[in-house]
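Next, two complexes with subunit A in common: one pairs it with subunit B, the other with subunit C.
Then we have the complex of A and B:
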């Protein structure tokens, strides 16, 4: 057994474990975020009330609880797209024709899983926007670049379906995938580039998250990353099995 | 209810459907995708087993 086959078999065995562990971690994060993490403070109110031994003079915001799932899902979507970029570059860089389908398949599946996470980010973010900002959509830099990213990822699959020649399809998709990843980078960094952006800057050293808020957030982040890995491996296993099946069918027909 | 407490908690109930909706939609999308993958995987494995049987019977 080669090193490649051995690591592939190990990753396939780890996928269901990662899926279960991911579900457990995100469930624990969900419980902690609602039962342990405090409600954040909103606008000031006229008087002060004592709640749980603390003087509170602000409105309490439940909507911030979306943060515990929305940010991990969004972060993982960027991670999946990093894999799309990696495999697209490897596809374009390799001179070994036999290895090209290997990188193309992985790039396609990373894009597919990435798109699923992008859709989840859009849905959860939109519900938060509707409640907090009172509208379903705002043409704000982060939201706009992320919407463009979603449209680019949809276009990636349309492009793949539109081209018949396998090598041409894979080359065009790799280039297009890289363009989408550039937008992903812009979308990730835009809240730092554009100070007027109303979307909060995530992942900064002065976030001031208390441990009771940071722990559920990190658990959800690791849980979602594990779920993403498991989905990627399961889908890859299905696609590779399908490719083997098709080649066996061809061999049988030829014989 | 105390009017101060009522004001402090005024947005909590209104936000609940949006928070529940966000969590529910994320899990529904994930569940649908997992089901699609598992159904496809099972179908492919079944076809593979049939093909292997066919090859064995030809030998």
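Then we have the complex of A and C:
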């Protein structure tokens, strides 16, 4: 247990540092993405146009800059969900009643942070869709999966607020959290691989990034991961302090 | 103290007893089937109003698979909500839980009774849908193949729905909550089933696509039913 408290104290000390570092890294990545990374060539333009003294035959996609924020945020949101699934399993698997609230709190906070990142992914993705594909919404596999994922996470919290008994709330939330994570995976597979005769899957490969594009991308990825970790730890600390305060209040009332 | 030698009934006979109880209750009260049947009819009437203004050139066959699944999903939702309602009256569920049963058996029995009721309602609702909306169309020769996605879809809906309706049994505002949990979870299955149903109705050149959609739906069923079956014990204990 001393090891546990020790590592927890360390994580708590690291959280603010991680937050600041994450903000710095993402800001640097943001600046690099505009100042260093080249514009991406889009579809051919019907007529060559003179823009800024240069003949342009391709549409330059400024909207592609969203990529440097959107993809890291989406990747990190999956990480948060992996933690939700992990702690849900630990909650259900453990026989130790005293440890159960420990796992439940962590699963809930992982879901909270996950939902924040999912909503950020949806917002940035939607802007990108608007400017790259010209529509606010299409039922495209990735968008559909993410919408379903967002609804599942919202449902997770609606479920939590609808139950009063703390133990039952925790168990049901763990069961639903686990199923939701599995369902998100299936949803990804099915929306992608079910043959649709009506509209083609818009398939993009963004691999083969040049170094000037890869560096801001990776910086943003690490920055976002650090921010996610820091948010998780800070929120966890706040919840744990709150729980301690409540139990102290209860003790005072009893005395 | 003398103890009478009692043979523990096998899992299958426990399953039969539980399922028989649900079926007997339904045969006597006819509550679930009437409410679901009437609800399905009402959804069809809403479709009638919604489609009343469509033009002659409108090909309803392209939408028919989707419309059929909207009907199935909402009717199932009503049925799933009701399937545990009578277990709460007079604390019937507590009675079942007092018996040392494997929770997996309780799950399978409840899921089986849900499958039976849902299929019975579809037996009426699908021909009615065809009668109202597909009378003047010419479905492809493969149209009878819609039976398979309906079957696979109903299995999945009943499986995941049984787990979720047990969860929502003890919550505030359970009717709405079931929909909130159920619809996103069942979305992948719905997507695959609509795809297979539409292909059967419209007819496609490569019928392998139909089987691929069906296999996807079947995969969802296997994963989700196994998961629900494993997790059901936790839900019942809570």
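Note that in this section the second predicted complex is superposed on the first by the 218 of 255 C-alpha atoms of A that agree within 3 Å, B and C clash if a C-alpha of one lies under 4 Å from a C-alpha of the other, contacts with A are read in each partner's own complex, and residues count from 1 in each chain.
Here, a contact is a pair of C-beta atoms (placed from the backbone, for glycine too) under 8 Å apart; a residue touches a chain by one contact, two chains touch by 3 or more.
Every value quoted in this text rests on a predicted model; they were computed, and no experiment measured them.
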Residue contacts with subunit A in the superposition, subunit B compared against subunit C: B
Touched partner set for A:92, first subunit B, second subunit C, both or neither: second
Partner chain(s) touched by A:25 [first = subunit B, second = subunit C, both, neither]: neither
Subunit B versus subunit C as contact partner of A:245, first or second or both or neither: first
First (subunit B), second (subunit C), both or neither touched by A:179: second
First (subunit B), second (subunit C), both or neither touched by A:187: second
First (subunit B), second (subunit C), both or neither touched by A:123: first
Subunit B versus subunit C as contact partner of A:231, first or second or both or neither: first
Partner subunit A, residues of subunit B touching it in the complex: 2, 4-5, 7-12, 14-16, 18-19, 21-23, 25-26, 29-30, 33-34, 37-38, 40-41, 44-45, 47-48, 51, 54-55
In the complex, subunit A residues that touch subunit C: 92, 144, 148, 151-152, 154-155, 158-159, 162-165, 167-168, 171-172, 174-176, 178-180, 182-183, 186-187, 189-191, 193-197
Subunit A - residues contacting subunit B, complex: 19, 30, 39, 42, 45-49, 51, 56, 58-63, 65-66, 69-70, 73, 116, 119-120, 123-124, 127-128, 130-131, 227, 231, 234-235, 237-238, 241-242, 244-245, 248-249, 252
Of subunit C, residues touching subunit A in the complex: 160, 163, 167-168, 170-174, 177, 180-181, 183-185, 187-189, 191-192, 195, 198-199, 202, 204, 209, 212-213, 216, 219-220, 223-224, 227-228, 231, 234-235, 237-238
